[in-house]
Structures are given as structure tokens and as C-alpha cells.
Amino acid sequence: MTPANFDGLMPVVIFMGLAVALFVGGHFASVLLAPKKPSHLKSTPYECGEQPVGSAWSMFNVRFYVVGLIFIIFDVESVLMFPVAAIFRELNDMGHGGYALIVFLSFISILIEGIAYCWKKGDLDWVKSFQVSTKNNK
Amino acid sequence: MMGLASYLIISLILFVIGITVMIARKNIVAILLGIELVLNAAALNFVAYSRFATNNLDGHIFSLFIIVVAAAEAAVGLAIVIRFFQIKETIHVDEATTLRN
Amino acid sequence: MNQTVVSYLSQYEFYDVLLAAFGKNEGLLAFAIYLLGGVIIVGLCATIGGLGTFAERKISADIQQRLGPNRVGPYGILQFLADGVKMMTKEDVMPFTADKMLFYLAPMLALVGVFATLAVLPFSSGLMMADLNVGIFYLIAISSLVGVSVFLGGYASNSKWSMLGGMRGASQIISYEIPVTISILAVTLLAGGMSFGTIMSHQRGLPTNWFIFHNPFAFIAGFVYFIGALAETNRAPFDLPEAESELVSGYHTEYTGMRFGFFALAEYIEVFVVCGVGAALFLGGSNLPFDISFDIIPLQLLEVVIFMSKALALYYVVIWIRWTFPRLRVDQLMAICWKYLTPIAIFNLIGCAVWVVVFNGKSIAELIFGH
Amino acid sequence: MEYTVGNIAPIFLAPVLAFIINAFFGRKLPRQGDWLATLSIFVSFVFSARIFSDFVFGKFATDFFIHKTFTWFDLSYGTYIWKVDMGIYIDNMSAIMLLMVSGVATLIHLFSTWYMEHDEKHGRFFIFLPLFTSAMLGLVLSDNLFSLFIFWEIMGFCSYSLIGIYNKKEKAGDASLKAFMTTRVGDVFLLLGIVALWMVIGSVAYVDIYAAIAEGKFTGQAVLGMSFATFTAICIFLGAMGKSAQFPLHVWLPDAMMGPTPGSALIHAATMVTAGVWVSLRMYPLMVLGDITWFIAVIGAITAFGAATIATVQTDIKAVLAYSTLSQLGYMIMGVGVGSYNAAFMHVITHAFFKACLFLSAGSIIHSVHEQEMPKLGGLRKYLPYTHFAMMACTLAIAGIPFFSGFVSKDRILGDALYYGFMAGQNPLLAIVPILGFAGAGLTAFYMFRMMFLTFYGENRTHAHHDDHGHATHGLAKPAHGHDDHHHEIHHEHLDLRSNVPLLILSVFTLGFWFCGTVTGQEFGKVFGKKTEWFKVLVEAPKVERFVNHAREPFGGIDLRDKTELPHAHYHHQSGYAGPNPDDHKLHSAHTIGALASIVIAFSGVFLAFLMYIQHTLKPWATKLPGLTTLLQNKYYFDNFYIDIIIKKGLLGLNRGLAWFDLGVYDRFAVDGWASVNRVLFKSSKWFDNVVVDAIGVDGTGVAVNLFNLVLRILQSGKIQFYFIMLIMVLASYIWTVNI
Amino acid sequence: MFAQFLFISSALLTLGGAVAVLVTKNIMHSCIYLLASLIGIAGLYATLGADFVAVTQIMVYVGGVVILMLFAVMLTGGKDFVSRAQNLLGLAPSMGNRWTFSVGILVALVFLATNIKLILNVSKSIPAKTFGNEFPSTVNQIGHLLVKEHVLAFELSSVLLLGALVGAAIIARPRKQ
């Protein structure tokens, strides 16, 4: 809780910078060292030796989105729970443990309702996916 | 240099770019991108004011809830986009004319 | 931001000497120290990542009663260097249908996401780079860049295998982030803070103070975390995004040469990071046994060794699991995440909260043996 | 008397509780919780009765009121006051209204438990009914326009749900949507008015508005070229017009009879529609200040007369009642307009009793006979004696027969209208108000007795037509009841607590002396002496001066003015006339003339009906004036106008005629850039040739509608980005002009 | 010194990313630029001492919203759709053309001018505070605010998210044909 220095954030930036530096350096080394003999066949997308038919940017299942959807809701809820969890013990030591528990549990119970709903409606089953073919990319 | 005004200016420019994206683009997902920019600009303002103008962290709470609402908005908005695409096979905003007339 | 390596070092006399050498510019000195530390840690972790590939092959060979790599160096231990050199000298091929910008960007995002987590990894109580107040939360957040990079890698290749692998990988990573996050939430709740310093300070002394032994819920939470972490790093038995028998090589099918190397490096370092986090959160981290509190630099190095040994033990378990268990089907994968791990994690969280209120935050050992 | 929130709040909270329980657990309760709803309203009734007895039976001075507030939110800064207080405001009017709403609602709930018993929507009906009642009670208890608006919207939603409760029927869905949309037009204006008041006064509590009027805060403000008071008064009155179904916005009410009949009784007769009158009465000083009472009077008169004419040709028993409701609402609004404050409010009360009773009787008939077309009824008197008795009493009341309540209240309104139109020195054109009023009164007597005669007298026609038409021919709400094979048999009615005792109780209150203490409502023939003139004594237009520096009570506190300090009742007689410069002598003579005239007119209306439908010596209008009848049967083509002309023809015509304009110029203008002004100019000559000339030559009105639509269409493009541009532009212009 | 560096680089990342979102024609690239912009905003939060908000920004946006957007782009083909609506200017591509951009920029300039006026007024009226190179932890304060003053908003946000989950799941759920 002591007032901290902005310099404490430095490692975060330094490590990101190192990652970028490593990436660029690796690339540079690769450019220097690696042979360069491009050919059309070499740069065909790999399809077990067959000629690729059509673009790959069209095959997917709406299930992926539903998973992402459930994820983001849970993600946000856990974000909101973090500060409360962080002070939970403090509140308990201050004698507000019961109150904090009620606040916390009512929040979680709504979270549980969400997962129960999705479970009941089959959003959590992967196999049950109805294989919606999204016709597109005309 | 790192005063309130500079944050306000950054947030304003962000907001204006968001508005431009929202108006100029016809792709619904792109419009949602613009909305995200606008929301972030607003949240940035809250935090900036919280540091420079007030002595409490209510601004932080506000921007937290902005982020929460933005996430919910993105989830529902994109779901609508996907459903719209399945029906209309396009996500061009001007094709959303069913409720017209 | 309680403790950093700079604030730790500043209690020694040589810090003042250094400060004078840098013209009394604390910021510059801090930068120098951080940069040095960063380079050391990155080098260390890259070596560990490289050795990881070697260890993986060697251990798998042991499990399968083979010899494994044994040509380069003693016991083939320099194999990873040879691999690295090979990758650097491989031709860099990009599919002509690829999205070039994203194809370049994806491995970089993976590297950034993984390296940025190293900044808060608690190697020791004094030598950790930065002890952010939001430490563990920051770690979860920034590592989600890896999910983006997996998706982008799959997307940018514009190959069907890559695309499927990328979509699967991204949805798997984000799915398993939920039980992991909630398990970590339980630890946060027990420790009363998100910074690694706080979390570690609650686990001093004997192993009975480790959070995994704190209460039954935390015990389960530890396992949930570990399973979720396996899946988050695309390790077997959750390696569906790169299931070689189904998807060739998943999202990095089209990646060759150095860029593939970056992906692999990021992946192995990430495994190390999640093992380190597991060690720090549940297994006491770098705390010396018996709460030794001399503050001298060799002890700090001893702490580093302790931390590393715990992390690497977990690393060994990860590899062991990979060569022991068969791969899951994709539906089983999702079912395990959403129908087992997440409800269990939520249950653990509630259990921990109730435990804190009922037993006033005392661990089982404290309750049994008293204080 | 100690009034705490605790003994006022149950009036509102008991039905809310019933709503919540029924909404979540209604299916699990026995009888789907209808008893719970009824009981909750009865609790409201008990608490209301206590307040009523305190207010009416002399415990308080006549100008006593309870006002408890708490600050909901406060955006004040510096010298600007922008806050919203929530609270409870009870004065004499509220006390009477509370008793009426809760009492009538109790009886209607009781009746509904019988009527809806075997209906598939039984449970859902009893979810919305208590919510609706609680919203109405909350509206009456509100001390400010903001919470009034909240309850107003809750009622709008409930009425939407109740009208469309048979959601499998397309007609019911359409009707509910129509009601929702039409009232929404008014609601927007109401909200606008509230916001405007809030911006200028800084508060929307009634007492603050009154105080602001007394202090002259409205002077010097101007909006859109009219004074601020006029602007806000018009906005609020437009809201009232939507809810009370006044002339241009009346189209929803007749369709609203799609719902179950008891629902119609509660919503579209007794309570909700009076909300508009209620807000007009509450904001009466503002209406006077804004000088729009003439407008109110004219709108009321037009509605009163127009609806009465339509009612004369309707054959559906509920449609007749619906139009009679419209007509009576017109009288109330007219009463507000002509300054007959007291009588307008009295008409709200009397009308609630007899109209609720009429609807319940109609429900009883429909439930017994499974038929609501009057030509297929007839002679029901001997089968349904209690219903006949109740309905006859109410018909006498609504027709304005002396000794009944309708006479008392309507006659006072008409007397004041007579004074207003002819003697008060107003614009001579306003003479149309009393003329239409009296004509409507005659028509009321005529069509009500027409309904009675066709339904209860003559020979029984129910069997004759049964084979041709099933009982579901007309698609209106009928309970799904009984078995098909004997539904045409009419059972003789027995006295039953739930089916006809409510009717009989309501019919008791059709007698006039309950409300005026005199048999005729005039100064002659008093029954109980002067002291029982309670209605005239208690209800008067707010005297704005006394609200200056009014101190309000804290919300949770007890009324500090306890029994001993309270001033005792000092009744003083007042005319109840709040209009322009009353000249007592002329007013008195106007009332006398009005009373005599309305008696004559009412009896001649009854007689006409008697001749046409009992004696058959006169042929009904339908055969004599087919054109007029068609016009009336089509309700002056109002629905057709709205649907065909404005919606269909306008838009389709625009699509055809101005298609290029819409797609080209507009798209470019709004979204694609203001690029081709040149091209617009170039094209405009062609547009002029093609559209203006042709259209004026061919169809002038079409063009007018089209042009009107053009504006709407540009604004209502459905293009979200255009809306967004507009939003930004308005915001920017606001910031530049307001100069923050 | 470092704070300034962080501020400038974050601001550049934010604004550069936003501009790139505006000008790029590929929706997938737009999403990635948005990601950059959002990370930049997280950096700006960090310079304001809002560590928790900064990390939340990364967690929710990078980990959630952007991935969701990428999924949505994939599910909608990621192509440049052209409106079938008749239009005098021809077909407007879904990523806009010069007309839409000119309108957008015009409106944006109007808004910009308006708000610069506001900001000039505001920055005059708020007294300048000076800060050292330090900031206190916000996590605990935010926790206390969430369970005390803003507990209703805290609980309601949970309900909001539940509503969003149910609503979006209903909308996006694949229909049985």
C-alpha cells in the first residue's frame, strides 16, 4: 500500500520490448542466414498435397461464438470479483465478514444462474452442435 | 505535459475517430469497433478526472462499469450481427431495412 | 507495486555506488538494472524453453523405452541449440494466400504475451522484477494475448488446417481461462491481495502453510488450476489445436523457420510460466522453509533455486502427463471445461469464501495444531 | 391523526406484492392466485377507506393535505436547482380517488375471479391486474409529475398486456399494439412537458409547480414562439389526450375492448383513462396560466359528441360501451376546459362506478349468452334479472336521468359549459362547446337505451341465429367456457357473490345523492342539508398562493400536526367553478337552464329509443340514412385515415412517386455526402413536373400527405448512421447556442 | 521520465491504432488495430495510476472483446460486403467510400470544434494539481467502493451480464433447421 513509483512499471514495458527485439532480431538473423528460393508450389497452403480449393476463410461453426460469448461474460464477472476477493479477508478482519459473504455470494449466484442456463439449453455441449452451414462469400 | 488537458485531448481525438468510424463505415462490425473507441474515450475521461479533479476513485468505478457494459454490448451486438448475417447473408448496415416503411 | 528488484537492491551499499556511477539518475539506474535483469531472465527462460524441448524428447524416450536425442553434446543436451540454428537457417515460406501483416504479427503477439508475464513472476522475494499490486491479475490478463495470437496465426495462414486449429485453439484457451481465473480468485481471496508478494507472504514456513494445503477447497482449486493451465498452454492431453493426427500441426501448420521457432519458444516458456505461477500460488513459491529471514543475496539465490525446482518439478509433471494420457475429443474438452472444471472452481471459490468467514481465515494446520 | 409512510404505503405496495407473488409463483398457487390479487386490492381498499374517512368526515380542514417527500436525486449546482423528489401527496381529491379506484378495483377483481375462472389466461390476467391497479394507485399518490409518468408508463404496459392477453388472436395483438403506439404519441409530449418544467422550475413536484405559478416564474420564458406556460400546458395536455383517448388520439380505446371484459372495465372505463383527466386536473393552474382551456373544452366537446354519434350505430355491446366511455371522457375533459373543476372530477368518480358496472354487466351477459352482438340478443330480462337491474340503474345514470349520479355530474358540467359558451363573454365560436355537449347528452340517452332495449327487451333472438354463426364469429374476447353443445342455453341467473353481487354493489352508487347530497344536483331539493354537500366542499381547484414556501414533511417521519393541532373542519360552500371570472348570477341561471334542458334532452333521447326499438314505430337510423350510418359505422374513417392514408398510401405513394428521391438524394444527403446538390436542382424540375403537377392534378390530398411524409421520411429513415449524425449535430448546436 | 515515455508511447499507440482502424479497409486488420489502440489506452490508465482499470482493460478487451470480434468477423465471412440497395452513386462498399468518409469527417470536425471549446472552458475552471512520480494502490479502494457505496451497481452489473448472456445466447444459438 505504500505509494509506489511509476518506475515499477518499467519491467513490464522492458519485457514487451525484449519480446519485440527478440522477434525482430530473430527475423533479421533469419533473413541473413536463411536461403531464399521462393516458388509458387512451395507457398501453396498445405492440404496434404492436394490443390487447395477455395479460401479457408469460410469454414466455421457458430458454436465458437457461443463459447466466446459465455467466456466474455464470465471473464467480466471475474474481473469484478477480483477487487472484492482481494479485500474479502480485510473485511472479515474488520468484522464485516457476513456482509461481504452475502455480497459475494449473491454475485456468484447470478453467475451460477448463467452457467446453469447455458447448461440446460445445451450451449455447453459441443457435439450437439447443429452444424449451421453459413453460406457466404459469394 | 501529463496534465488533465492532454488526456482530454487524447480522449477527444479518440472519440472523434470513433464517431468517424461509426458514420463512415457500412459494416456493422466496423460500426461496433467505432462504438468501442467512443466508449473507451469516455472511460478515459472518467479516470483522468478522477486523478486530476477529484480525490476519490469513483471515476475508476465508472470506467470499470463502462468496460463491463461495453463487454455486454459487444456480446449482444455481435450476436445480433451474426444472426443478421445468417438471415440476410450480409452485414451491410443499409441492408437492415426490415423495419422500414 | 510493493517490492521491485531495484528497491530490494537499494538497501545495499553498492547501490549507492552504482547510483553515483549513473550520475544520481535513479530512473536511468533502474532502467539499467531492469534491462539487465530482463535480459538475464529472458535468456534463462529461453534456455529453459529450449531445454524443455530437449527434456520432452528425452523423457518421452524414457517413457517409451527409447534413447531419444543423444548426438549433440553430452546426452544430446545441446540438441536444442542445434534446433535453434536449424530454424534460423530454414527458408521462410509464406503461403501466397496468406494475410501477410497478420502472418508476421501473430508470433510476435505470442512472444509479447508470454514475455510480459515474466515481469511479475516471483523468482524470489527480493529479485522479482516487479511486484505489481495487481500482479496475478495482470498475469492472467496479458497472457490472453496468446489466445489472440493463436487465432491470428490460424487465420492469417489461410489454410484449412490452420484455420480449424486456430479457431479451436482460441476457443480452448479462452474457455479454460475461466476455471483458471476462478481458481486464482480463490487464492486471491485467501491471501487478501493480488500481488505475488502478498500471496507468498501468506505461505511462509512449513509446507502446511502452502495454499494448496490451506483448506480442502484450495486443494481442489490447485488441481483445477493445474488442469486448466495445461489446457491453456495447449499441452497434452488438451493439445487439440495442434493435434498432429487430425490437423497436421494446427494453427502453425504454415509457419516455417524462425517464425515457427517463435511460436514454439513462446509455447514452452508459457508452460514454464504457468508452472511457476502454480508453484507460487499453491506450493509456497520461493519461500525458504522454516521462515528463515536473513536477508542476504545468497539466500535470495537459494530462493530462486527453490522456486525453480518447484516450477521445474511441475514442468516434469506436465511432460509426464503428455506422454501418459491420450488426447481428448473436442466435445470432451469443452465438457470438461464447462461442465466439470468451471462448476468445481466456482464451488471452490464459494467454499473458500465461507471458510474465510467461518474459520476466520485460518488454515487447516492452524486449526489442528493451533498457534 | 398520525400519518406515517407505513399506513399509506400499503395502498400501493399490497397489490405490488400480489403482482410479484403471482408473477413468480402464480402457477403454483391454488386458483392461480386470483384470491391473492383480490385480497391485496381489498387491503388497499381498507387503507384507502381510512384515509377517505379522515378526509371527508371532518377531521381535517378542507385544504388539508399530506405531503411526504424524499430526495431521489439532486443535480443542483450553484444557483441552479435541478432535483427530483419522490413522495406522497394526498389531498381531498386523492383521498376520494383512492377510495374509488381501490373500491371499484376490488369489485372488479372479485367479478374477474368468476369471469376468468375457466379461461386459459386466468393466471396471466391476475398477474397484470394487480400491477395495473397498483400503478393507478401509485399515480394517484404521486406528488410529482415524474413518478406520475413512471406509473403512467407502467399502466401503459399493463394495458398493452391486458388488451393483447389473448395473444394467439391477431386482432388482439394488433389492438394492443395500437393502444401502445397511440398512447405513446401522447406520452412523448407529456415527457417533453415534464422535462421542460424541470428545466425551468428545477423540480416537478406539484407543489413546486403551483408555487412557481404563484411566484410568476413562468413569465418571460418563451418556447417556439409561445409562452412557456402555454408550451408546457399543451405538452401535458397532449399526454392527457393520449391516455384519456381524446379526439385525434382516440382510436385505440374502442379496439382496446379486445381484452377480457373485466379488464376493460378496470382499465378502459374506470381507472386508466381517467389518468389523463387526473393530470389535467392536477395541472389545472398551469392550463389556466397557459390559456389553453378553450382548446381543452373544444377537444372534449368534439370527443363527447363524435363518440356518441358513433355509439348510436354500433351493434357490439362492448363497442357501444367503449364509445360511451369515450364520450364520457370527452365530458370530463370538457369539464376541465370550461372550468367546471369540481364537476369534472365528480364525473370521473360517478362515471367510474356506473361504467365499471356497465362493463361488468356486459361481461355477465357475454359470459351467460356467449354473444355480444346486440341484434342477436334480446329479451334477456327474464334470464338475467340482477344484471338487468344493475345495468338499468347504470344506464339511467349515464343517460342523465334525474336522481342518478350521471345526471348530477354531467349536468353540472353542461351548466358550466352553457355559461362558458354563451354567458362568460368568450369567443362566440366557443358556443359550439355547450351545443355539442347537449347534443351528445341526448345521443347518450338514446344509444344507451337502444342498447338496453336491444339486449333485455323484445323477443329473444339468441337461438335464431345460433346455427349460422358460432359464438366466436366476432373474434372479440369471450371466455372459453362450457361445452359447445349447450352453450346457447341461457341459464337463469342466481344471486352469487362473485358474479352479480359486485354489479349490485356498484349499482347502488349510481344514485345521485351519494355525491351531492341533493337529489338533482341543483340547489333545490336537498335531502341531507347543507353539510353533506361534501363533494362541492372538498374538491376545488388548487389555490396556488398557499404553496409558496410550503414546508414538506420528511418521508419517514410522522405527521407533526397531530390531532389536537389540526384545524377542525370549517366547511364553506363554494361553487366548484374555476373558470374565467364567475358571475354568480349568470352561472346560477345557466345551471338552472342546463338542468332543465338536459332533463328534456335525456328524456327525449330515451323516448326516441323507445319508439325505435320497443314500439318499432320509428325505423332505426340505419335504414333511413344509410350514408351517415356507413360513415358512423366506419368511425368517421379515422382508423382508415391513419392506416390507409398516412401509413399505407403515404408511404407506398412515396415509394412509387418519390422513389428516386428517397434512394438517391436522401441517401446521398444523409449518408453518402452532400455531394450532388447540383443534381438535385437539375432533377427538381423533373420532380416538379412529375410529382407536384401530376399529383395536384390527380390527387391533391395525396400530395399533401406525401409532402408531410417526406419530412417524416427523411427523419425516420431507419438508417442508424443518419440518426447518429443528427444526434451529433443537435448536440453540437445545443452546446454552441447554450454557451456552456 | 519513464512516466513521460509511457505516456507518449501509449498515446501514440492509442491514436495511431485508432487512426489505423479508421483508414484500413480490411475489417480483420481493423480489429487488430483496435487491439493496439485498446492496449494503448491501458497504458494511459497506467500513467494515471489506475492500475486495476488498466489491467481490466487488457483483460476484458484483449482477452474477450477482441477475440469475440475476431470470431464474429470470421462467422460473417470477413468480406467487404456491398449493399444491394439501389443508390445513385453506385454501390457503397461496406468499409465505406469517399462520400461516407467525407460526411463522417465533416461531422467529426463539427464535434471536435464543439468539444475543444468545452475543454478549453473546463481546463480553465479546474485547478491544476501536481503529482509526483508515484501513485497509491487502487485495488483495495476499488474493492471497498464496490462492496459499500456501489454495491447496488456491483450486483446489478451481474444481472446485466446475465441478461446479456441469456439474450446473446438466444440470438446466436444455432437454430435447428
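Just so it is clear, A, B, C, D and E label the chains in written order, and each chain counts residues from 1 on its own.
Assume a contact is a pair of C-beta atoms (placed from the backbone, for glycine too) under 8 Å apart; a residue touches a chain by one contact, two chains touch by 3 or more.
Just so you know, these numbers come straight off a predicted model, no measurement behind them.
Q: Which neighbours do chain A and chain C have in common?
A: Where chain A and chain C share a partner, that partner set is E.
Q: Find me the chain with the mean Cα position closest to the mean of all the protein Cα atoms on display.
A: Given all protein C-alpha atoms shown, the central chain works out to be B.
Q: Have a look at D-E versus A-B and report the one with more C-beta pairs in contact.
A: D-E
Q: Could you pull out the chain whose C-alpha mean position is farthest off from that of chain B?
A: That would be chain D.
Q: Would you identify the chain whose Cα-based centre sits farthest away from the centre of chain C?
A: When every chain centre is compared against chain C, the largest gap points to D.
Q: State, to the nearest whole Å, the distance from the C-alpha centre of chain B to the C-alpha centre of chain E.
A: Distance between chain centres: 5 Å.
Q: Centroid from C-alpha atoms only, then distance chain A to chain D, rounded to Å. What do you get?
A: 56
Q: Round to the nearest whole Å and give the separation of the Cα centres of chain B and chain C.
A: 33
Q: Taking each chain's centre as the mean position of its Cα atoms, how many Å separate chain B from chain D?
A: The separation of the two C-alpha centroids amounts to 43 Å.
Q: Residues of chain E that touch two or more other chains: which are they?
A: 2-3, 47, 52, 56, 59-60, 63-65, 67-68, 71-72, 74-77, 85, 92, 100, 103, 107, 111, 137-139, 142, 146, 157, 161, 164-165, 168-169, 172
Q: Give me the residues of chain D that touch two or more other chains.
A: Those would be 671, 725, 728.
Q: In chain C, what residues contact two or more other chains?
A: In chain C, 1, 27, 30-31, 132-133, 137-138, 155, 167, 170, 174, 177, 193-194 touch at least two other chains.
Q: Once the touch criterion is applied, which pairs of chains come out as touching?
A: Here the touching chain pairs work out to A-B, A-C, A-E, B-D, B-E, C-E, D-E.
Q: Going by the contact rule at the top, pick out the chain E residues touching chain C in the complex.
A: 1-2, 26, 28-29, 32, 35, 51-52, 55-56, 58-59, 62-64, 66-67, 70-71, 74, 137-139
Q: Would you mind writing out the residues of chain E in touch with chain B in their complex?
A: Contacts found on chain E: 3-4, 7, 11, 14-15, 18-19, 21-22, 27, 30-31, 34, 37-38, 41, 44-45, 47-50, 52-53, 56-57, 60-61, 64-65, 68-69, 71-73, 75-77, 80-85, 92-96, 100-101, 103-105, 107-109, 111-112, 115-116, 119, 122-123, 126, 128-129, 131, 138, 141-142, 145-146, 149-150, 153, 157, 160-161, 163-165, 167-169, 171-172.
Q: Residue numbers of chain C touching chain E in their complex, please.
A: Listed in rising order, the residues are 1, 27-28, 30-31, 99, 101-102, 105, 132-134, 137-138, 140-142, 144-145, 147-148, 151-152, 155, 167, 170, 174, 177, 193-194.
Q: Can you list the residues on chain D that touch chain B in the complex?
A: 651, 655, 671, 717-721, 724-725, 728
Q: Which stretch or stretches of chain D touch chain E in the complex?
A: Spelled out, the residues of chain D in touch with chain E are 660, 663-665, 667-668, 670-676, 679, 725, 728-729, 731-732, 735-736, 740.
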